[in-house]
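Alright, structures below, take your time with them.
The two complexes that follow have chain A in common; it is paired with chain B in the first and with chain C in the second.
Moving on, here comes the complex of A and B:
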């Protein structure tokens, strides 16, 4: 424990982790959808800072660009374009029984993931790292080129799905004329 | 050494803040005077004694003195936080702008990528402002802004990719150096790069970048989010006093920041031929600021020349023209890079 406390990086980690924990708690407990999403922004921002502490700069800015800049903005956009009342929303509240169940599931998940990580790595230090953009690019298009292309297929499928859902049927257009 | 680090960090932050504020004030003054000349009127004339140079300062002081009105129906915490989020996204861009070989607050390996990522935070702030105001004009303005920022973020990013392919690096300093050392067919002398090579090779990318910048900044002809004739003042409607000033400063600071990024990516940044690196640290800022001033003038000129587009025209321009052209530009650039 003494060793742990003497490292400045650990203090930063503790501060960020606590803030993230609180923000994540607010995501599920806040009684307003938009507040919940904004708490999610804080949580994701915290995860970006954790990656920054690990020196993985590329992941940091990917998290910011993709999650905060795109996913969250789409969340907010979707919520606001449908309905987003200000203030407390009663239907977001749940009976105590459901809350207890949720707490148990969340706690179990935390223990499972935490135990798996500690069991897998223990006190072992992960030294091998790919941090610069050039290295990441070489890895992606060298060793991991097949998974990379498969992921792009998933994206293509999602794109086609989006277009199919959003477009008007040709029959409907005929009717409107 | 740890104290030294914090002192350096403090000085850098103060410099970044100073450059941002001065840049914003000067471009506000530029807008006042240039718009006046374009409309055959005099514009600010008395403040400060000559040319009315102190007008932005006077305006700023006026805003600070004004009472800040927070309506009853707003979501107070989000309402108060929103301008900070918007300003933060803009201010963070200034960290990586290289004014000289060493005149940069932080030379990140990821330079351009960082700029694109951090500037997207402002979108969240705009949506926060629009929603928390509890006003349908504000909400509509916020939604329009978000739709516009998402749509034009893509061409902005794709336009940058061409430059990154040519330079082979994401670092802004690296991109400037790559332009300085560019060789036409391997024989051309270095001084010829006074004509920025990427301005010629990436002319398409530059045009797309400027158009997308205008939209990202919500400036005419893309100012639907704050269209006065339809939405009062869009997501700014309920803001007053100091918080309105923050949005206002953020808008002009963003204009200067994007002009600086465009100058660095496409116009050769701080670089001049026949000048050593040490001297460039002093001359570089002047060169870059000249280029920024040219682009800012272009932005202002467009505002007072073009009428506002319609919302559907805006989206069509982004998705049907800019994005396909930008993608074609990437393909052509990549092919040429491999061939030559």
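Moving on, here comes the complex of A and C:
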């Protein structure tokens, strides 16, 4: 334990992890959707800092750009565009019985995953090998070009399907004429 | 990766990808609505051709290399196993598309993007059949399910369709997250992405407990996709609420894709982990067939009945797997042959059964079993089809289902002296009898009961069948009868997939 405390990075880790834990707790307990989304920003930001401590810069920027920059903004836009009620909402909650069950399941999963992860990787050291964006690009357009192309189709299908579900019915438009 | 890109091996995927785009483009042009569907059908047909040239490669002059083609550093494999499954996906997509044409175009929610989404989902299934690494198979699975979520919610103004899509989506996303978490744990332990690499890394030696957790997470993820008990609760609601042609596709195409993923990942990546996934699959198989059948008996709606019966049929498909992995000395090849053969037969029978439901709904405007009673008096042809498909699903000879059940029982009995194999065999036999009861109930209602009085006589009979639906019913009915009389026609393809398991 003495060793652990003498390392500066570990202090950083502890601080960030505690903050993340609290933010994640707020995501599920907040009765205000917008507050929950902002807490999610803090959680994801914390995970970016953890990746930074591990020396994985590329992942850090991916988390910041894609998750915080795109996904969260999409959430907020979604709330705005669908004119969902903002602010506190009492119905955004479950009965205590359900909550207790959820807490038990979540706690059990946390202990299970945490214990097995520490058991498997607890003594391993992070070797500081730098993966550059160039390396990732070569892999992406070499060996993994097929899944890469398939992902583009997933996105296209999601985009078009989203438009189809969101747009007005052709019949309704005719009715209005 | 070799300098020469193997375009021949990827030709089915390339043609299908082109078709997906072409359908979208045709839909935008000022041409009749059905052109988009025709484009899709032609494209599906065209992508079957390279499957044949790949399968018959040794016989053709322009085709040089033989055997399995390994692409992208063993991540993507084109062998007889994947060719057979791609054929299954393409043919069942062809029938699903035929089922959909009449329904979608007469519906007030018509939009041409329906075909685009259906074909995109099929494309994902085709990619999955060849994927031999964690990333490819996950991306393929996402492409299968993503468009399916949207298709389930196609009837926007219908609250039940919305419920179907939302349940399917939330469960689908949850299962994808569990699956991906499991995959990341496996990658963390082995440092390998390809299935062959994972298998090599797990030979002998002690593996940390986290690897077991990863394997179980991956199994759970796929169990959701194939709607195995206890991960099945979304299935009946989604099947009932989604438009019927979409349900037909979900119960065959997307379910088969999940099975293929499960098969491939268990047999090739977790080949040394039999003692982990064997017992898990045994429990899932028994629970699926028993619970699925018991609840199906009580259903009064034909679509819900087929939904629960498809859960039970999934249990039958998993049974050979479970036996082969738990009993020493039973070869995996036999189990693989049984499961793939069952899948091939099931695809035709189940698509046909849903086709009959659609035709029945166009006659009486309801999928409630009570309103179907006495249908034989005003629609004898359709009632004959009810007999063919429901008895085929029940496994009555000489209709297709009996052979699928036979190979399934053969595979289970091959582990006979073992207690678990015998127990599974007994449970499966009891379930086959229970299943016969409710399939026969549908046939009895249609043929023996009298027409309900509250339906005005003038409304009965309804309009004639849509030609595309009639064609789909014809194809599946002929396939069900012919393969029942000559099961070798389809089991030949099942036989071809044995090479996959014998490769290890």
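The criterion applied here is as follows: the second predicted complex is superposed on the first by the 149 of 177 C-alpha atoms of A that agree within 3 Å, B and C clash if a C-alpha of one lies under 4 Å from a C-alpha of the other, contacts with A are read in each partner's own complex, and residues count from 1 in each chain.
Simple rule for what comes next: a residue touches a chain if its C-beta (ideal position, glycine included) is under 8 Å from a C-beta of that chain, and two chains touch if they have at least 3 such contacts.
The structure displayed is predicted, hence computed values, not measured ones.
Colleague: Considering only the touch criterion stated at the top, classify A:35 as touching first (chain B), second (chain C), both, or neither.
Modeller: A:35 contacts chain B only, not chain C.
Colleague: Return first, second, both or neither, reflecting whether A:9 touches chain B, chain C, both chains, or no partner chain.
Modeller: Neither: A:9 stays clear of chain B and chain C.
Colleague: So, A:81: does it touch chain B (first), chain C (second), both, or neither?
Modeller: Only chain B; A:81 stays clear of chain C.
Colleague: Have a look at where A:72 lands relative to chain B and chain C in the superposition and call it first, second, both or neither.
Modeller: first
Colleague: Once chain A of both complexes is superposed, is A:58 in touch with chain B (first), chain C (second), both, or neither?
Modeller: So A:58 only meets chain B here.
Colleague: Regarding the shared-chain residue A:126, is it in contact with chain B (first), chain C (second), both, or neither?
Modeller: Neither partner.
Colleague: Do chain B and chain C touch any of the same residues on chain A, and if so, which?
Modeller: In chain A, no position sits in both the chain B and chain C interfaces.
Colleague: Using the touch rule from the top, collect the residues of chain A that touch chain C in their complex.
Modeller: It is residues 112-113, 116-117, 119-121, 142-147, 149-151, 153-154, 156-158, 160-162, 164-165, 169-171 of chain A that touch chain C.
Colleague: Once bound in the complex, which stretches of chain C touch chain A?
Modeller: For this pair, the touching residues of chain C are 1, 17, 20, 24, 71-73, 75-76, 108-111, 113, 116-117, 120-121, 123-124, 127, 135-136, 139-140, 142-143, 146-147, 149-150, 153, 156-157, 188-189, 208-211, 213.
Colleague: Help me check something: in the complex, which residues belonging to chain A touch chain B?
Modeller: Spelled out, the residues of chain A in touch with chain B are 32, 34-35, 38, 41, 57-58, 61-62, 64-65, 68-70, 72-74, 76-77, 80-81, 84, 86-87, 132-133.
Colleague: Along chain B, where are the residues that touch chain A in the complex?
Modeller: 73-75, 78, 108-110, 113-114, 116-118, 120-121, 123-124, 127-128, 130-132, 134, 139, 142-143, 146-147, 149-150, 153, 170
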